[in-house]
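The following pair of complexes shares a single chain, chain A, combined with chain B in the former and chain C in the latter.
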Partner chain A sequence: MTARQTQRALTRGRPLLYAAYRQEQAIWNTTTKKVVTLLLFTIALSLPIFLNRDLMGVASLVVVYAIGGIGLNIISGYAGQISLGHAFFMGMGAYTAAVIGGVSTNLVRGYELDLLIWLPLAGLVPAVIGWLIAPLAARVRGLYLAILTLGILFIGEHVFKEATWMSGGSGIGRAPTTVVLLGFDIFQRRTIVGLDISAIGMFYLFSLLILVVLGILARNLARSRQGRAFAAVRDRDIAAEIMGVPLMQTKRLAFTISSFYAGIAGALLTVVLGFTTPERWNLLLSIDFLAVVLIGGVATISGPIAGAMFVVLLPRLIEWGARELPFISTTVGSNQFLNVFQLQRILFGAMIVLFLVLEPRGLYGIWIRVRNYFKAWPFSY
Partner chain B sequence: MEILLPSIIRGLAIGSTYALIAVGFVIIYRATQVINFAQPALMILGAYFTSWFVFRIGFPFPIAVLAAMVVLAAIGATTERIALRPLVGRPVFSAAMVTVGVFIILTVVASRLIGPDILTVGDPWQLNRFSVGSIVIFEVDLAKIVLSLSAIAIVGGLLQYSRIGLAMRATSLDQETALAQGIPVGRMFSLAWALSAALAGLAGMLIGTGAGGIESTTALIALKALPVIILGGLDSIKGSVVAGLMIGVAESLTRSYQPEYASFLGANVDIIVPYLILVLALMVRPYGLFGTKEVTRV
Partner chain C sequence: MRTSSRGWRLAVAALGVAFIAAACGDDTAELGTGVTEEPCENPAGGVSNEANGCIYLGILSDLTVGPFAPLGVEIQRGQQDFWARVNADGGLDGFDIDIDTYTRDTEYNPQNHSQAYRQIEPNIFALAQSLGTPTTEAILPSMDEDDIIAGPAGWWSGFHFADQSKGLIVPSGYSYCLESMIGLDWFQENGPAPIAKVAAVGYPGDYGGDVAAGAELWAEANGVEFGGFLPTGPNALVGTQDEAVRAILNSAANVVVLGVGPAETAEIVGKVAASGAPVGSILFLGAGPTWNPALLGSPAAPALVGLFTHVSPWEDFTGESAGHEAMRAAFGDATPINAGYAAGWVWQYPIKAALEAAADSESMTRATLRSVVDGLTVDYEGIIPQATLGGDPNENVNRTAVIGRPDPESPTGLTTLASAIRGATADAFEYTQACSGA
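On to the complex of A and B.
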């Protein structure tokens, strides 16, 4: 028998028996995971056929939030360093993209270059800035880092507001970048194999592709030597250093990669949102992404994707639900008890608190509990 | 001189309110090692309740301020009991994020209460001013300095000399040992939150005085206390006062002189001065002027 056959014979009927380390560390280490991933991907791919333009906008937002969430999870989840500056790096990516790929007006600059140029740069420019700031951030840890990144966020917002050639200025804003790949305009209504797909639908498919690529990259990073170094720094930084993990370099790498993801997410976010003002990249956006990570599941890849769905869809569901509730007004400025926007914010805050208090592992943790229940059924454990 | 001195006085006034908020951060940090990101919302609520007691109930101003502080203390203690107590023993990251959630909820509550208008707190100082020589001084600036510093002195004295203060300091040194000595540790956490929320409430009232007024977006001012606690040291009340006044003056001087001498930096640079100082402080002295250097072991 060859080694492979031995392995097959061993694991038949015992799906959780790993005969080799490689096998346990595989991206899809169980058949269920493979099937579920494939199924979800197929559903995600077919969404543009079923959903209307408005809902496709929401779906694109989910995808973009997932990319940003995965990025924040690398620094905050895997490496355990809280960053409140994620919105700044997103803004950096967005403006890099808008300047390189956008259209010039008499207010803002834009060079209308190809997506092949602006997309990598939208990640690389924030990554370089992250790399430069990181030594500052790497000296401090925990809540000090949270405060430092908060400071960077405020300074960044000021720079965005002042650099009108880039952002259009405070309260005015600018149009996003064009999305043209080698002369092929992605943001345009098209017919693909006989199916009519809207412009936002096309962009959704493109973002989905980016999400899949970046998601697999992040998953691979997490199970690599570097990924284990991140986890070691998170769990006990001094112990990690004594074991030979270079503390500064590891934190710096995590910060840089996270900024890269943020930049890409920011660039794509502006395309979904359309016109954006520099005020967009504020503390609340950073908190949104922390919520994506916390509600989804810290230090997982599927977590931020679920978290992104939750954070983006929750306001929508509340909006639909609110029409049925008499004490909630659907317009701003009426005399009802609360308006929809206020209810959305309150529930959003409550969700962060509730998840942290009741299920710190987030939606991922809930899934693990449900899975274990059915795995052990009919026994309780 | 006509610009410099009034500018410094204004800086000391705004700096003393920063110090007041920062002391609130420090008290909670010392008790639970958590930075309370809900402080800005508590500050706004303080201004709201002062205004409510003055205009709706008709209390005289000093009593309204005290009543608002009591309400805020109750809100603070309740928040701690409901949202933070279940997290004792879990990573501080979780607790800090819970305070972010509380911040979002309380900000919405505050903006619902305040509404779209700018809120005034009904203070007796208004825009009254007097001159010393050629220098014009606003009464409200003096009120800010005197009230903030005396409130900080009272709280500092309480922590240093009273039995409860001793119990609180023991709790912040070692929770388990404190518990073994018969100190009700949970109640100390509540007390820390109550004190800190009351101080935030007072600061909110002070920011709403004079020409200011309070909107729901004023909350972000309280975040400037974060550079203050970094510069002063996370666990030092003395540090908060010194750093608060320094940052206030730096901000005020920037506002007076930057448009003239460094206009290329753009408008409203004074808003980000505290954060620039924060970055510098972390580069040069990460544990602040008076902070305890963190000693860790494996």
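On to the complex of A and C.
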């Protein structure tokens, strides 16, 4: 009997018994996880068949927010370094992509190059910038780090506004990059195995693929020696240093990788939105992503995905729900007490506060509680 | 066996459902996206005619915090009343109009505009309003793909030329560029002093850019020095207009053409008046969207009354035409708080004409709607002369304007000094391409 067969024989019927360290550390360490992941992926893959273009836009936004959320979770969740500069790195990625892959106009520059060139660069350029400014950020922590990254954000916003060849300028903006892979325009309505898929549906599938790849990479990173170093730095940096974890290098790596993810998310985000202005990359966007991480679940991969769904879908759910409430106006400009757009903002703020106070582990925490309840059933008390 | 016969039953049922679905599809084949056989969710004016289907029109406007929000809300109201009147008259060839369900506030932000467009596009037949030039430009490529036509809330010259507007924008009246020329022509003849040097202040992009291009073309044609385009932004973006004021004072221009929002107009005129420059040494000519009667309640009111002249494409609410009478009947006894109401009303005539033309061809699809726009004749019930869309803009564009001056006594805040005027420079201008953004 080989070691693997022994392991299988041992664990059959005992789903939580790990007979090997490798098995415990596997990405999908239980059968349930495997099945659920596969099921969710299948559902996600089939969405373009069922949803209209509008909802596909929302679904694409969820995917892009999830990528950005995972990126922020690497620096803030796993490595414990608060960053308010996420929007800046996203903007950097967006403009890198737009300049390399976008179309030139009389206002902005664009070289219309292939996705194979702009997509990696959309991640690498912010990553290099992140790597360069990380030594500054690595010297401070907590509140000081928040302020420092806020400073980076403001400098970035100013640069974006002034560099009109890149951004189109304040109040004007520019179109995003084209999404052409080796001559194949991804943002184009297509018929695939007899199914009519809209342009945004095609882009959603592409973004989903990127999310899966980047999600698995992030999960692998978290399981690696570096991932454990991140956690050690987060939990107590001095202790980590005493144990031999190079503090600067670890923080720098987290910053760089997080910036890479942010850049990719930024580039994809502009395609989903269809247009981008320099004002977009501001503090509010960074806070959106903090909400994705905090509501979803800190230091997890599935957390930001759930968080992204929550943050993106909440406004839409409120909009639908508000149509049923007579005291809420669904049109702007009427004299009713509240309109749906105001309600969205109020509820969004309230939800963030409630999560921080009542369930700091976010949606992931709620899921763990639900799971444990059923695991222990009928002795769930 | 049991399983297999159940499988068969299921397959047959599925096939049946598919056939029914296909049959339903055939029934509605002539109705494109945004047109339904079912009654409207929110018919304009709350008027739903029995047996009428519904045409859904979208609105992308500035309704809360953007620089044109006070105007945007009134523009929307004007549009609602326009279509309420159509619905009250029995609808449009068997369809009522719904203009509320797909109204979105985009805050004069091109990105929000694009995002909102993508949200409502799958459900609308056309855009009854797309407010702003840079915002509308942001969605033009998508509109082109989706065959969506739009009534612009703005007067960029590019809207008149198919290479810029892609034949999708149905404008009313002149363009900002012609507006500057007509206004300056009038000013040169009737203003308190001859124009020695003219400058333009405006938002970057093709609103301010078009206003400035008109001023520059006028200066060139009349041998007057042009003091340049001094760009500024809405206060929401730049905080204050101090930079613009400084630039105006440094430019040594005695007439400044403005292409900004109302609040920014008041701030610029007020601050220039308070700067210590001799009274009347710098006068202002404001494009259509620069004015809001509420400015007469601001501290800048005396400066505006003394220094500001307004150019608009048509007479405001109190005009004499049949169209004006109709809008007064629709509005009721009061007067709208600004000229947005009349503008919103006027901008709907081309949309209505296009919808009627599409209905006449018995194909209510976006592609048909797009195809009927070129060469379409629009009757404005006398508010402005009848116009032909598309074709040769040099021939078809309306080159008349209305000149007004702030007046606290007038119900609209403006006294009309001259209406339906033409300008020699504007008339002689060869209008063969967009003045800006080409």
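One rule holds for everything that comes next: the second predicted complex is superposed on the first by the 377 of 381 C-alpha atoms of A that agree within 3 Å, B and C clash if a C-alpha of one lies under 4 Å from a C-alpha of the other, contacts with A are read in each partner's own complex, and residues count from 1 in each chain.
The rule we apply is simple: contacts are C-beta pairs under 8 Å (C-beta built on N, C-alpha and C of every residue); 3 or more make two chains touch, one makes a residue touch a chain.
Keep in mind that this is a model prediction, so the values were computed, not measured.
Undergrad: Chain A superposed: clash or fit between chain B and chain C?
TA: Superposition result for chain B and chain C: fit.
Undergrad: Please work out whether A:Gly274 is in contact with chain B alone, chain C alone, both, or neither, and reply first, second, both or neither.
TA: second
Undergrad: Return first, second, both or neither, reflecting whether A:Asn52 touches chain B, chain C, both chains, or no partner chain.
TA: Once the two structures are laid over each other on A, A:Asn52 reaches chain C alone.
Undergrad: Report for A:Val193: first if it touches chain B alone, second if chain C alone, otherwise both or neither.
TA: After superposing on A, A:Val193 lies clear of both chain B and chain C.
Undergrad: Using the superposition on chain A described above, determine whether A:Ala3 touches chain B (first), chain C (second), both, or neither.
TA: Neither partner.
Undergrad: With both complexes superposed on chain A, which partner does A:Leu290 reach: first (chain B), second (chain C), both or neither?
TA: first
Undergrad: In the superposed arrangement, does chain B or chain C reach more residues of chain A?
TA: Per-residue touch count on chain A favours B.
Undergrad: For A:Leu150 in the superposed arrangement: first (chain B), second (chain C), both or neither?
TA: Only chain B is touched by A:Leu150; chain C is not.
Undergrad: On the A-aligned overlay, A:Leu182 touches which partner chain: chain B = first, chain C = second, or both, or neither?
TA: neither
Undergrad: Should A:Ile242 be classified as contacting the first partner (chain B), the second (chain C), both, or neither?
TA: first
Undergrad: Angle at chain A, chain B to chain C, CA centres, as a multiple of 10°?
TA: 70
Undergrad: Between chain B and chain C, what is the shortest CA distance in the superposition, whole Å?
TA: 6
Undergrad: Does any part of chain A touch chain B in one structure and chain C in the other, and if so which residues?
TA: 333
Undergrad: Which chain A residues qualify as touching chain C in the complex?
TA: The touching residues are 52-54, 57, 106, 169-173, 175, 199-200, 273-277, 279-280, 330-333, 341.
Undergrad: Considering the complex alone, what residue numbers of chain C touch chain A?
TA: Of all residues in chain C, those touching chain A are 42, 63-64, 73, 76-77, 100-101, 103-105, 108-111, 113-115, 117-123, 134, 138-139, 141-142, 145, 203-205, 233-234, 237-238, 437-438.
Undergrad: Which positions of chain A touch chain B when the two form their complex?
TA: 80, 82, 136, 139-140, 142-144, 146-148, 150-152, 154-155, 158, 161-162, 236, 238-239, 242, 283, 287, 290, 294, 333, 338, 342, 345-346, 348-353, 356-357, 360
Undergrad: Which residues of chain B touch chain A in their complex?
TA: Those in contact with chain A are residues 34-35, 83, 86-87, 90, 92-94, 96-98, 100-105, 107-109, 111-112, 116, 220, 223, 226-227, 230, 234, 265-269, 271-272, 275-276, 278-279, 282-283, 286, 296-298.
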